[in-house]
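Here's the structure we're looking at; comments come further down.
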Amino acid sequence: APAPRGAPAGDPAILERQPWNTSLGKPVAARGYGLPSPYEANLQRRESPGLTRVNAASVSFAPLQGLFGIITPSGLHFERHHQGWQDVDPAKHRLMVHGLVRTAKVYTMDDLMRLPSVSRIHFIECGANTGMEWGNVAVPTVQYTHGMLSCSEFTGVRLSTLLDDCGFDRAKGRYVLAEGADGSGMTRTVAIDRALDDVLVAWGQNGEMLRPENGYPLRLVVPGVQGVSWVKWLRRIEVGDQPWAAKDEAIHYVDLMPDGRHRQYTSIQEAKSVITTPSGGQVLVQQGACEVTGLAWSGRGKIKRVDVSLDGGRSWTPARLETPVLSKALTRFSLSWRWDGRAALLQSRAVDDTGYVQPTTRLLREVRGTKSIYHNNAIQTWRVDPNGEVSNVQLA
Amino acid sequence: APAPRGAPAGDPAILERQPWNTSLGKPVAARGYGLPSPYEANLQRRESPGLTRVNAASVSFAPLQGLFGIITPSGLHFERHHQGWQDVDPAKHRLMVHGLVRTAKVYTMDDLMRLPSVSRIHFIECGANTGMEWGNVAVPTVQYTHGMLSCSEFTGVRLSTLLDDCGFDRAKGRYVLAEGADGSGMTRTVAIDRALDDVLVAWGQNGEMLRPENGYPLRLVVPGVQGVSWVKWLRRIEVGDQPWAAKDEAIHYVDLMPDGRHRQYTSIQEAKSVITTPSGGQVLVQQGACEVTGLAWSGRGKIKRVDVSLDGGRSWTPARLETPVLSKALTRFSLSWRWDGRAALLQSRAVDDTGYVQPTTRLLREVRGTKSIYHNNAIQTWRVDPNGEVSNVQLA
Amino acid sequence: GEGVGRPATPAEVRAWDIDVRPDFQGLPRGSGSVLRGQEVWDAKCASCHGTFGESNEVFTPLVGGTTAEDQARGRVAALTGNGHPQRTTLMKVATVSTLFDYIRRAMPWDAPRTLTDDDTYAVLAYLLNLGDVVPSDFVLDQDSIRAVQQRLPNRNGMNRAHGLWDVKGRPDVRAIACMKDCGPEPRVASTLPDFARNAHGNLAEQNRTFGPVRGADTTRPAGA
Amino acid sequence: GEGVGRPATPAEVRAWDIDVRPDFQGLPRGSGSVLRGQEVWDAKCASCHGTFGESNEVFTPLVGGTTAEDQARGRVAALTGNGHPQRTTLMKVATVSTLFDYIRRAMPWDAPRTLTDDDTYAVLAYLLNLGDVVPSDFVLDQDSIRAVQQRLPNRNGMNRAHGLWDVKGRPDVRAIACMKDCGPEPRVASTLPDFARNAHGNLAEQNRTFGPVRGADTTRPAGA
């Protein structure tokens, strides 16, 4: 800590009475719905300049550099809209389930919320997260490198409950289409094994209803799968025998390989991690004790271990994991560090319970080249300079 | 579902195009910090009229009747202030640790946040929750009967880390005093075994900093213990050899027993549960399927089981528990029910992993009478009338 | 630790270490008479707590409900039965340190930390006089306060022999998780009176407007 | 379900079941000429996508980057190497149904769901003509669209043989969790250029003002 300022007797912040200690504060329910302190205003979701040309078909990134634990405050949840977000009237919202089913059905919100529901904590990551970094360093901070990532407690009815309710065709039904009620009518195909596993038709997020930006009043939750499949303002589920090749699975969210072909229907978010403090664009306040902390996640299950390197990958130390460690949820890791004022190269590496190890940029590029935009789960490197500045770098 | 309104061809909400489907929505980061849908405005934290005489020494209750899962949205976290809430400037906030320690120390927020921290999901319940209901039914809804209850993911440094850092006296130090920086200078004694166990000096709540109403930038988190001990705007920890008998542990938060004596330092929140839907003041929309769902918690550990009764306690059925089931955290339970339009008496009963069983009002009163205000963890009864109205009742 | 934080200076500890314990650790020197206390009271306290500490306007009355007999016994009789409508501060408090500590740290409510130590002694002396614990010519100081402790009406009224302080404490109520044919046929013994139906506002406006339930329209009679 | 929800009426399913699959399931009857398509395009699309679908103003260009040879092969050559600066829609799309489906559901961007089926056929015909996939006298309808599919430049450009669709799929990259003396001495190969330091705004204003770190003041050079 800095030496006490002011009088040698001590710190004026202690010796002098502060207004909050000598006044009557504000009443309860001054705000029926509360907000963060004004001192937290720097932490906002933000666009990355130049990433998109219009801001209603764009992304806002969550400020991971300032978040704690695993729950993302809903007000800071990342956004990805293709035709802007809408304030849907829940009284007029409907969900239709049809296609290869015995009885095509319509559900109101009243109906859905009478069905057995579950609550589960899961991460959501956009398939394009870290997409700007395939070829080289492009953006300065973890907000822009990894901020299309959030984690919430979702509440809703299992999609399988609805499919059973409509008597879906177990022999022929191999895929479902999910469609949104917004202008883009976002559509994505989900394979039936996913649909029957842990997919939810969710209305709750972190204890309250979904936010309008996240699909109020209904969104598909497809644990482990890229965000675009988590269709917002969900209004329709069709059961079919073939995938749909919708715009966002035939023109976008396809991964260009070095052979000039696109991988289509790439969906699973493989194990990944990133150090959020210290991270790019931050400056260490002083030498000595400092926690290296970050997030790890896997679309295939639980995080088994996270290793941290301070020397650019030459040596690694297992980090502490916070509980609970949940399947397809963010896991918070930390490692105590004493910064000695010398340059350092910080990295983290996630291992999931399938044994999969998060790869280096080099390994990933060897297989996928540098143009695939999506599913960049490479190990992130942050350089700490002797002046304390941290920056985004990539190693050879 | 109601028969489709309007044209026999179907529901106009489907047949007619809705504005959100035919327009361009709002851009990303339209709100750098998001808010709930305007359609959710009914769910607010609210005061109970007549409970207190001034609203800066009062309570606002969380709207449990509309929440999902276990995480309480921070904007709806219940409030209890004794001298109003304050917007404390984190740059001027200090934590002092002194008393029976080798070195009395001062920590800035910069200091604290460099220390190893942990993140944990815990409930907080005011010791006076359900206090109005000791003698008879007094309030109509679960917001007012049980709404001094919330659950968040807290992030901070273990109090034991700080006590170790100051070299506290392991032989003589038997209690710590925690003090707030607000006008009330809230003070509470915590026994050293609690202090060294799972108590946190927390700054993070649900991924972001604590809200001002909840103690920004620092609050004590005392898992399993009543809310008043979770000192907000925490600025001082003193290690001592005796409890302090502060105002809120010598005049309030003391439980009056039938013999005219007060139990002092009652702190642990024993196992308790409540059905949040259907609950008092609600009306069932229709007969048939309906989930009976609610919350259970124990200040002594994990919830092992929750039983639900539909006949006023004559017979019980174990409910489903959502995962994760965490120690000293809320646990969501549910039971599928078919309401046949007849009167019913709904109850829930929590059992924790010490084997403790949540008692009936009658059992509790037999031991404690009806005047102890605090720690009412009785089984709650909701009556469902044939017209669908649900109301708060107590059984003989 | 590892160099995080710094030692507190003595002046810093003095500035913040204002708590007073039941054994009077932390009690500052100083003194104040009942007479001076009345001046402080009338100027700074009476507007909220009433001229005699009896007001129920902003908070429960501070004094009342105690007798000379209580003072002798150290137990307030009115805490049993339904005799006294409200439990005043003086009926409950068992440690005079609590009052000194709290008044000094938190009162006046809208201007905490503005009383001098002497004025804290004085106004507490006055309050104790209002409660008939000390005579009108009493001077309260760091010594005489010990005698006052021995006169507090409810000084023997606290009980710490319960299972609710320790996480491993023994619960006082032992329920059994019966699963069927439990207890007697249920009988409703308490409900909200009809006149209170709308006392918490219209519950229709305190519930979501969709889902499995609605809020009852409490501006109309039940079932209407 | 137990009586939750209700059967959808045929009119309801018709109203919402607008998707068109690669096998043309869901494709409505109708037709439109390139000529009519140009009218629609100029009135409703050109303002955003440019007269020739080449604009980069609001979105990546829709056409360009494909050759007659690509059309013959069904693979777009410019997708390999660094030849073409941007990947246009026509360079990527392998299924013509995708374009019909998407234009009908989502375009024009600021007025989705306003095109008739005939106009959707027409404007798609025009777009395909801009991309040299169909001649100027082409009429697109539910039959001729099948032939168009066989001319799409990148129709053979998709690959589903990968481990990223199935949660149990086999990963394509297999890293090893080496713990010490791993790999070569690290060498930094890419950093943010100095001129981009402040391109995302002042990072000091995007970080908390307290804690273990501050945001760098990027209005000043590094280390200043």
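Read from first to last, the chains carry the letters A, B, C and D; within each, the first residue is number 1.
In this text, a residue touches a chain if its C-beta (ideal position, glycine included) is under 8 Å from a C-beta of that chain, and two chains touch if they have at least 3 such contacts.
It should be emphasised that the depicted structure is a prediction, and the values quoted were computed from it without experimental measurement.
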Using the average of all C-alpha atoms in each chain as its centre, how far is it in Å between chain C and chain D? 66
So how far apart, in whole Å, are chain A and chain B when each is placed at the average of its C-alpha atoms? 27
Approximately how many whole Å separate the CA-defined centres of chain A and chain D? 22
Each of the following residues of chain D touches two or more other chains, namely 1, 4-6, 8, 12, 16, 109, 112-113, 208-209, 211-212
Residues touching two or more other chains, restricted to chain B: which are they? 1, 4, 11, 14, 21-24, 39-40, 43-44, 46, 54, 66, 83, 90, 96, 106-108, 110-111, 114-115, 183, 185, 209, 217, 285, 288-291
Which of line, ring, star, complete or other matches the graph of chains that touch? other
Could you run through all the chain pairs that touch each other? A-B, A-C, A-D, B-C, B-D
Enumerate the contact residues on chain A facing chain C in the complex. 1-4, 9-11, 14-15, 17, 21-24, 90-91, 108-110, 113-114, 209, 217, 288-289, 338
Provide the residue numbers of chain B that touch chain A in the complex, in ascending order. 1-2, 4, 11, 13-14, 18-40, 43-47, 54-56, 58-60, 66-77, 79-81, 83-90, 92-94, 96, 106-108, 110-111, 114-121, 153-155, 181-183, 185, 203-204, 206-209, 211-213, 216-217, 233, 285, 288-291, 293, 320, 322-324, 326, 332, 334, 336
Chain A partner contacts - residues on chain D that touch it in the complex: 1, 4-8, 12-13, 16-19, 21-23, 25, 56-59, 75-77, 79-80, 87, 89, 92-95, 97-98, 101-102, 105-106, 109, 112-113, 157-160, 162-169, 171-183, 185-192, 196-197, 199-201, 203, 205-209, 211-216, 218, 222-223
Please output the residues of chain B touching chain C within their complex, sorted ascending. 39-40, 42-44, 46, 48-50, 53-54, 57, 63, 65-66, 82-83, 96, 98, 103-108, 111-112, 114-115, 136-141, 143-144, 164-166, 177, 179, 183-185, 187, 191, 193-194, 197, 224, 235-236, 238, 240, 242-247, 250-251, 254-268, 270, 277-278, 281-285, 290-291, 299-300, 305, 307, 311-316, 345, 349, 351, 356-360, 363-364, 366-368, 375, 381, 383, 385, 387, 389-396
Flag every residue of chain C that touches chain A in the complex, lowest number first. 2-6, 8-9, 11-12, 15-16, 109-114, 208-212
